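First, the structure itself, so that you have it in front of you.
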């Protein structure tokens, strides 16, 4: 089996006394992975360690089987990185900046221009790129950053908060780019705070907290692992009192509570049996809406981060 | 695999950045200080009564050493310090360091671009005063003037190489690079390099002054801006020492750029 | 026991009608005073004044014969420079004691992070979304700056003057009666130009370190060029190129010695240079602040 | 009836030759208003014009019944602005900075200090109030900015991207704080945000701007009204194909939506009953894990408003 795209082995970094990342060991295989965690959990530190911009205090990171170090520069042909800070070569025009980056990567002047144009098209900025970066809005600057990451058509994209400051239109565009990159067999590790947007791109995630790995994998797997927690199903029904009374007889239902209007919240230790049972009520037209609570990223995030304090 | 096109690309950026922004203005103003002095000297000094130096001596014995003492260190600092300083300050250097190229490629590109930007400044600094002073210099032949202008430009530009490399290194190495540069360029350079003592042999200023003395035919005597050197260095030795300094500072800068974290 | 959660509450008190630059002046002053260095320099100024007034007391009151002796000695030694006479001219010498160790470091320390800090922290956006105008902002900041510059210079010198008048023999008052006015005028102009100049510099460089660098370069270059050119051309107008010489020239003039010893620039030239710097820097700062506030 | 909180009449704002707002006219009577629009739509320009930081090239702005052109700077005592970018005073603690800002708004020194403490407690920065703001983390700075907007007790709160850069918990807390101030204390809110869920949560009115023009002014409720009786159905992993086949056989439209295990079912005209969904599931032999009315999100409404006009 080939080496994983990203491998971290006991990767740790402190800034003086301040903890950045402590002992992260994880392998990432191709696909789109959301890098999540509260502020200060080590997301940006991880990105900087993966790109060799900061040196680990302990452990090491590998990209495509190559150990990350300032001298292993060749691997960056396969990696595109968009930093999280709002920084740029302010005095440059967007297209000139990209062309310069392509030229430092070894392109000739013409090839660099073509490459810059191609990357700008991908982020939908081909007309606006002649503006100076210092005069661009935050969202435009973010898109130039993403274009820069896409410049060399890399296999791995490391995007630090790429959606931050983008308007809904460009956000949708960027999300589609990330999705397409994953669908084409590439790897994307991107951090974001906007969970419902992460959710719309991928269900794989890597959750950091206090510099440690809290969870890694598919959302549904992670939810499944959270067994201690009883699962809840919310239904709304005109005959909620009957349903509640009937279900309370079952030993797998541990609690019912009534919400506003016709809401009924069922708590269970065996989700599948409860769902099976509810199908019948549904078929009989007694359920107007039904939803498994807690199975979205937001509540999983809350549970994991909350329980790890 | 040759990296020279990559270095040249960064060099072009660095040169453009130094020359075509308002940041070039303070450097330009410092470079024009000798010109201003020459203007004042030409139009206000009482040349007839004697007592003032001849224009030719004014250029060689006052303006040229003054350029070496004050103009050159300040020019180097104003041009070279921000090159890496500004990239590191906010972290824009991250883009250059994540290119598929060794880190000395951007370093060399930024350095040579800055050095290139210093060339017109050095030439301006040496030429304009001569243009102002030569018409009133009476008997002095044009070729002597030409020789002095060319050599002064050259000495200034050669001097910018070690000073600039030192500034480049300081820009990566320290957040208070300005203070270090001030202490090292003025203290270790101009001052230690002209005071007799053990430090003098180590100061690049001594070797630059050596070049100036040899190429401009200045006397090794006490003057307004010169302290006699008991053992004046020869041209070759001076060039070698200065080249050694350039190399050493660039290596230091490379080490710093390899190890400093981008935060 | 009452329990009160951290809740939002509406404000029901009355509001004052003080102009909005007043709290800005106050806050700037407080912030400056919090710095140990600034306090030390202020006390330094006061200490210098204390020592001088002690000496004055001793010379004029305890052993009055020394006064005449000192004057005679000063005449012999002084030569071309300001001679030691116990009249207004002595304040010119005293001024040196306050400008270099007190005024200049104070200006550097204060200017280091005042408006540069506001630009760095983007504080102007916070200010101008409140009832303060760019002019009010500039007034508040600059007045506080000037107050700090005058506190360890003008105040101690006025104190010295009081001591001088009280201890001196009769008739001395007539010789020095214009001194407070002259000192105030001179130091006000000097402080104002210095405050605005340094603030303009910090807004250009946006960093205390670069301000310090440019300031040092100006100091060294102008301080070197001025006297060198004055010497080469034998015209003391060129002394005005040295920024610092203007300070003493202005003080000379305001103290009633418009054409003193030849090493200073002419009074009228220096006044117009300092006045010009003040005006230019003020206009620049106002434009800059307005631009940041309105377009930003 | 009281004056509207904000009334714009043909408001035009220009920077040099660039027109940021072009003849915008609208009225906000009170409550909470959300400003939506892509980057460069003119949201920030509108906020700056309301604050009197930029002089309109044309038109009039009335804030709380007063014309900004004639009311003078004192009108800003009644406005609390939270800028998008960080904005803090270097060199002093958070609480003194806030007290200082309150004093500029006319509070007396004692009152200002008390309020600075109270407001910092309210936003949850009580522990950090003696620290310098420059040392705060991203989330703390956001909360500090909210405190700064509230410290002088404004009547209108103007927030520019208040949840930018906050982590999920921080975002929830920030929204709760804003909601509390707006709902319990009758302070009006003008909110510019890229995050449509935030606007949906806090605002009752929405203005959509694009390239300096007002594209839509409506209530959130109208904009997100449920769409044509469609249902969003949640299925187990791998069960999508079977369910889709069954649903299509029954004459329903099936659309995939983001997640692999969620589909949108609709009828060309008419309402999809939940019962039908469960019956389809039974037919296909897959349990239905969830079913709900497919409300149109504000995001859809927003993108539609932008694309609706040429």
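Just so it is clear, A, B, C and D label the chains in written order, and each chain counts residues from 1 on its own.
As a convention for this text, contacts are C-beta pairs under 8 Å (C-beta built on N, C-alpha and C of every residue); 3 or more make two chains touch, one makes a residue touch a chain.
Source: prediction; values computed, not measured.
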**Study point:** Shortest path length from subunit A to subunit C (each step joins two touching chains)
**Key:** 2
Review point. What is the chain whose Cα centre is as far as it gets from that of subunit A?
Key: C
Practice item. State, to the nearest whole Å, the distance from the C-alpha centre of subunit B to the C-alpha centre of subunit C. Key: 35
Check your understanding: With chain centres defined as C-alpha means, what is the inter-centre distance between subunit A and subunit B in Å?
Key -> 50
**Study point:** Intercentroid distance (Cα basis), subunit D paired with subunit B, Å
**Key:** 55
Study note, to complete from the structure: In whole angstrom, the CA-centroid distance of subunit C from subunit D equals 50
Exercise for review: With chains as vertices and touches as edges, which is it: line, ring, star, complete or other?
Suggested key: ring
Revision key, fill the gap. Pairs of chains in contact here are A-B, A-D, B-C, C-D
Study note, to complete from the structure: In their shared complex, subunit B is touched by residues of subunit C numbered 209-210, 212-214, 216-217, 220-221, 224-225, 228-229, 232-235, 238
Check your understanding: What does subunit B use to touch subunit C in their complex?
Key -> 26, 30, 33, 36-37, 40-41, 44-46, 52-53, 58, 62, 66, 70, 74, 77, 176, 178-179, 182
Review point. Of all residues in subunit D, which touch subunit A in the complex?
Key: 37-41, 137-139, 161, 164-171, 194-197, 234, 237, 258-259, 273-275, 277-279, 281-282, 287-293, 299, 302-303, 306
Point to revise | List of subunit D residues in touch with subunit C within their complex | key: 15, 48, 51, 53-55, 73-77, 79, 81, 83, 85-92, 96, 100-101, 103-109, 111, 115, 118-119, 121-122, 124, 126, 133-134, 148, 150, 152-153, 180-181, 184-185
**Study point:** subunit A residues touching subunit B - in the complex, by the definition given at the top
**Key:** 15, 48, 51-55, 70-71, 73-77, 79, 81, 83, 85, 87-92, 100-101, 103-106, 108, 112, 148, 152
